[in-house]
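Each remark here refers to the structure printed beneath this line.
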């Protein structure tokens, strides 16, 4: 083994050690969904709350409630701006939790909603948000059954934050987990990536950039249902590619499954507009958030069926097979570049896009 | 009928009409738990989310999850300061949701936790909060099974906001509801009121007031369990007297039950210190929040048993029978004053104590 | 002795109630005005009227400083709050008072930095802590409160604080009472005099009421027994044909007032030629402004003010309520358009405003309340146990 | 033509790779330095080394402005950011760069108002929008970026903006290359010249490299085929015994540079006598300061600066990496103590720093990556469908 | 607005002549006693607190006088009741 | 830091002489073209965008020259492959 490889192996060992938060204060990076978020979650939250059901790398917890197989999840939404092309914090908050439940293999059933409002927030804006939550709930076939409202002084929030939690029922004999990927599996993404993050960046209007990009926010329960109906036993992992994007989700899969994920750059769907925004801002679409796209790892033998099932759903028409799972290098995501090389796709460091969800 | 009474009847009719939010902007009053909060919830949230399970006047929703009788609730916590005598935002967030589940007659089982952190928040403070959440969860025999973390820019929050949601199992044949009170019922409060709100006010240190008051934050599932075990069929309503205090909770009961609640001022337990703080600040303890006290409406025939059961629990040692339910004036809470008069105890208007939970 | 509970005793109240009833000539109506909003608050909060016979009728007077502030002054204050760098400070009672362009609460929601304080000294503290901001104290109140404002200004001057000023809206009780006495539409048998104002001005300034207008007055404390006692004393004067100023509240009110407090007012403030009172119109020599020597602390001179007079809303009958001519429920908008949540008139704002007190505590006619109170209790209720105080 | 995809074509790359392999003398090592961090980024991001034969070795140079900023300057900038009323503005790359007392990110978390901007014009916009604040632009970059700073200052002066200043840390490429050439421990066969710097300064200034030091240089574009072509051209010069400055990037780089840009720099800035470079020490005439005529826009004069020189952390081997003497993984702290999340050295911060590029994209040795790449795929993968672009 | 609370003076501040610590039901707060410059103040005295200032020193004697007045009424009332019940008009 | 993006000039601003609208993959952004004061600029031209400024006008002819150079290599390579496959050394 070369000296370089020895050094790199030592680094990989180091990376697997229990993470430590070295910072004294929270920075925006801790909320960006990348390495700092993981470190914070593992070193602070998991450390404090440790229990067998708390599975940080999955989208929600699987519970046995008096015999009912239930999924339970929560997300807080702090997106800025609150209203953006293609959606607003309201449908984001509903779809985000619906999707996390769907990624657990559950049929989303009920949601809770907690609102933190800033003094001075226009009531008309609140009505707009609740109306789009209601519409999103209808579309996702869930009901919002309990809630809470707090108001904080001006300057202690940013208009409106929404936290949703959700319960869903796992009605199929699926076992989905970020740790379920096996060599030979296929990696599918359900559509062009990065539209949500790009739409938010543009909506912020910090850069004077204009492009016809709308957020991809959408409920994924229907398409997931179709997929699990078609292949109940051959779907290993489902993850919605939110904060940190496809790259982050697949790194989680690679680490949890102790396998390699090998992506093919020229198979990964990205619209020209998202490409343009990323070029202008120096971003990599692989790290840009989606709110209506998921990554599925499926048995390679059934990849075609999985892909055609996803594509037959309107929200998955542009789904693509983007990579495969290999035995090694375990824990890494590699990208075969369009240029013909191969490189590592690492977890996100830093915060290219704060407050996107 | 006197002309005065005619006018008053017209007003009561008016008050029962569908509420309208007249303000253009959210004010702190909308978060204080009183009339403005109710109006906002009914006119905006209920209006948008209307469905049979969404019961705004109860502490949580009762769900049938594949046959499992489940309670589901959420609360956001924005208390300022984060740390105060007797507790912090962490145990408040756990106990608050545990208590809402308990008030539904459920055994709290699992919690979710969503964190909104302000850039610059000390990691050490976050560890303190998560440690006390973990301790509170242990004490309440629940597990925190799923969570989320967002970070917002400095000046867009106030250190740390926590939203918990919880699921619990309803294992007894109880039917608890704010609408369940009947004439002849007794009203019990589980201990001296107002300590939490008073402790928060003092911790803010805005008034240079010093007093040995600690928050009453505590999990109430144990004491409720004992009460429901003793009188499964004779407990009508359980409500934890949080924002808006005992007065607000009882107004909700009176309105939902279309009955009168008649309180006896000299039976209502308040510690001298809370009385002192309230006098100095011109507050009425009936409206000051508790975080570890509940109000129980029980069949008058079983009032003694209910009281002795509650008193036999350490958290209920100073419980008191404070009033009764009468057929009329329906929808009102009356107070027989220590001075020998009778007056109305109305819902809270305004925001004497913002950001207490 | 806590000087509180002793004066809230139901047993003593019942005795006194019997004495009061006994002093009333059957069939005759006795109408007394409690000048001070604090009394109004006590009356409703303790259900005091339940101890009064039908012959005695209490009417509410103009002694609620929040209730008498005219809309134009609120607008001026909001204008100041909107100036760059300003922190407006105010007692909590002011937050909901409607001006022509909304309330402090609305202005705050719309972005103004308006903070509630407990004391004018807290406003000064905020000024010290924010040297780059301009801190204004919205001063309201009768002679009770004016000395505290004055002392605060004196201290600010002493310390050389330069970013603090006072928007002075202090009003005086004597001209208000005189306006009531001069108003043609009211028939009063006597006054329950304002206890805390009198702690500053003493009882002597009221003597013209007895001498010139022939109305008895009893200066009263703020506990319910104080008021009940005062009613008893007024009935006694009437029965005996006397007409005097009596002091029921001698434990707090010296006959000649508080010399230090009066001299602080005298140093820092000057009499205005006239001032508008909500519902009562302009009253000569009825309010205080900052004295020239303290012009630097006078928000009226530090800031340019619109100073526009705003007519009261057409529906508003606060003037009649403040003069005791109408009962709150007799106002056409009471409880429907005008509620504590969305007040049209000022009397619905402060907990000492007659409309708010009646709405919050009394919004149920005495006949019905008494009926409800007479109903037997299905369970026996005891006063709270030893080792803890009850709410009472 | 988008001037992008055409230069990322795998087919053309394979042809070129074969030509490059053919031009190498078997067994001989060819070491070329890509001066510019942008090239380093491209090399790793596209896996360009997979197309290079074992004979060709690319080493990374000092052309990453974030990588060469000394700790003392970061501390000075944080000091400025901590002054009352200051808004510090900076390109995103700077946020994590460690100074002696932490990074911008740390200072921001601790309360400083530090904002990321995309352009110096955005910083000026912030200044206009916040007339009561003092807005400072943290100017870093080679000659590529200096003209934009200069144009922004000219515009600020034009508009009479008085609350805007520049903390000028612009550095120059020629003295850095000279320092590399003069360093005893490096053996290079040629340079891949910085494309965008050259768009400003042109190619002519590099001629001393060929004439005086006998090293060929090809000024290269930033797409992977540009770099591969430049390697081919360098190998061509060596094979033919030529030693010249060639321009592979003529579509963007005029031989004589951009006269307008150079004159903007000349008007607004002046040469510093010397400037410290991270890891390279003080280099004479290697950086720009604000000219006296624009002193009002010079943060170094507007603010008092500590100006303390801070020694690089002992473990840090950025100097060796910047000179191409060490490969990133050869640094003792690489990937363990020093990671992009918690960088010790500056090369780990910017995505153009050699250590960061290697860590993020290359952290897996070429031997293994090649082995992984050769593995057959279990499923067939197609390029994305018509109607949408793929990531490529 | 005219709210005044009786509080017991527990300590006169050493560092500031106008400040004192007042206790209400076990709750303490610093208040300004500058308006009572004419009075002799000592711990144990009761004062009326209004917007952070002591407005008046409370006279226990006068306080008692009111209660005595009521006591007298009560006595008269009780006497009368007694008289009523013992009178024999049959 | 030295990131430069080729973009197509779609419009020169009327209101400000130094501003222009540039398009990259259907995405538009205003940039400053003051550094190209020496160049003739027209819609359809491509420029290199760096930190909000156009740094250089891109020459399509030179761009093609590189591709032609590569094409030439490719041709030589293909010819060689062809030659190899058609040569008969058996």
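Note that the chains are named A, B, C, D, E and F in the order they appear, and that numbering of residues resets to 1 at the start of each chain.
Everything below uses one rule, namely that a contact is a pair of C-beta atoms (placed from the backbone, for glycine too) under 8 Å apart; a residue touches a chain by one contact, two chains touch by 3 or more.
Being a predicted model, the structure only gives us computed values, none of them experimental.
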Neighbouring chains shared between chain D and chain E, ordered by label: B
Set of chains adjacent to chain A and to chain C: B
Which of D-F and B-D has more C-beta contact pairs: D-F
Chain located farthest away, centre of chain A as origin (C-alpha): E
Greatest separation from chain F - chain, by CA centre: E
Whole-Å gap between the CA centroids of chain A and chain D: 33
Inter-centroid spacing, chain E versus chain B (mean Cα positions, whole Å): 36
Centre-to-centre distance between chain F and chain E (centres being mean Cα positions), rounded to whole Å: 90
Sequence positions of chain C contacting 2 or more other chains: 4, 108-110, 118, 122, 225, 389
Multi-chain contact residues (two or more partners), chain B: 23, 25-27, 29, 119-120, 207, 272, 275, 279, 282
Per-residue multi-chain contacts in chain E, two or more chains: 3, 25
Chain-to-chain touches, reported pairwise for every pair that qualifies: A-B, A-C, A-D, A-F, B-C, B-D, B-E, C-E, D-F
Residue ranges of chain B touching chain A (in the complex, touch as defined): 21, 23-32, 37, 40-41, 44-45, 47-49, 51, 53-56, 60-61, 63, 65-70, 72-78, 109-110, 112-124, 126-127, 130-131, 133-134, 137, 143-153, 155-158, 161, 163, 165, 167, 169, 171, 354-355, 357
For the chain F and chain A complex, residues of the former touching the latter: 3, 5, 7, 23-30, 49
Touch list for chain B against partner chain C, complex: 2, 4-5, 7-8, 10-11, 14, 22-23, 25-27, 29, 35-36, 39, 183-186, 192, 206-207, 260, 262, 264-272, 275, 279, 281-282, 285-286, 300, 303, 318, 320-324, 326, 328-329, 332, 334-344, 346, 349-350, 352
Contact set on chain C toward chain E in their complex: 1-4, 6-7, 11-12, 15-16, 18-19, 36-38, 63-66, 91, 93, 118-122, 140-142, 144-145, 147-148, 151, 194-197, 199-200, 221-222, 225-226, 229, 232, 248, 250-254, 258-261, 264, 350, 352, 389
Interfacial residue positions of chain E with respect to chain C in the complex: 1-4, 6, 25, 32, 34-38, 46, 48, 50-53, 55-56, 58-60, 62-67, 69-70, 73-74, 76-77
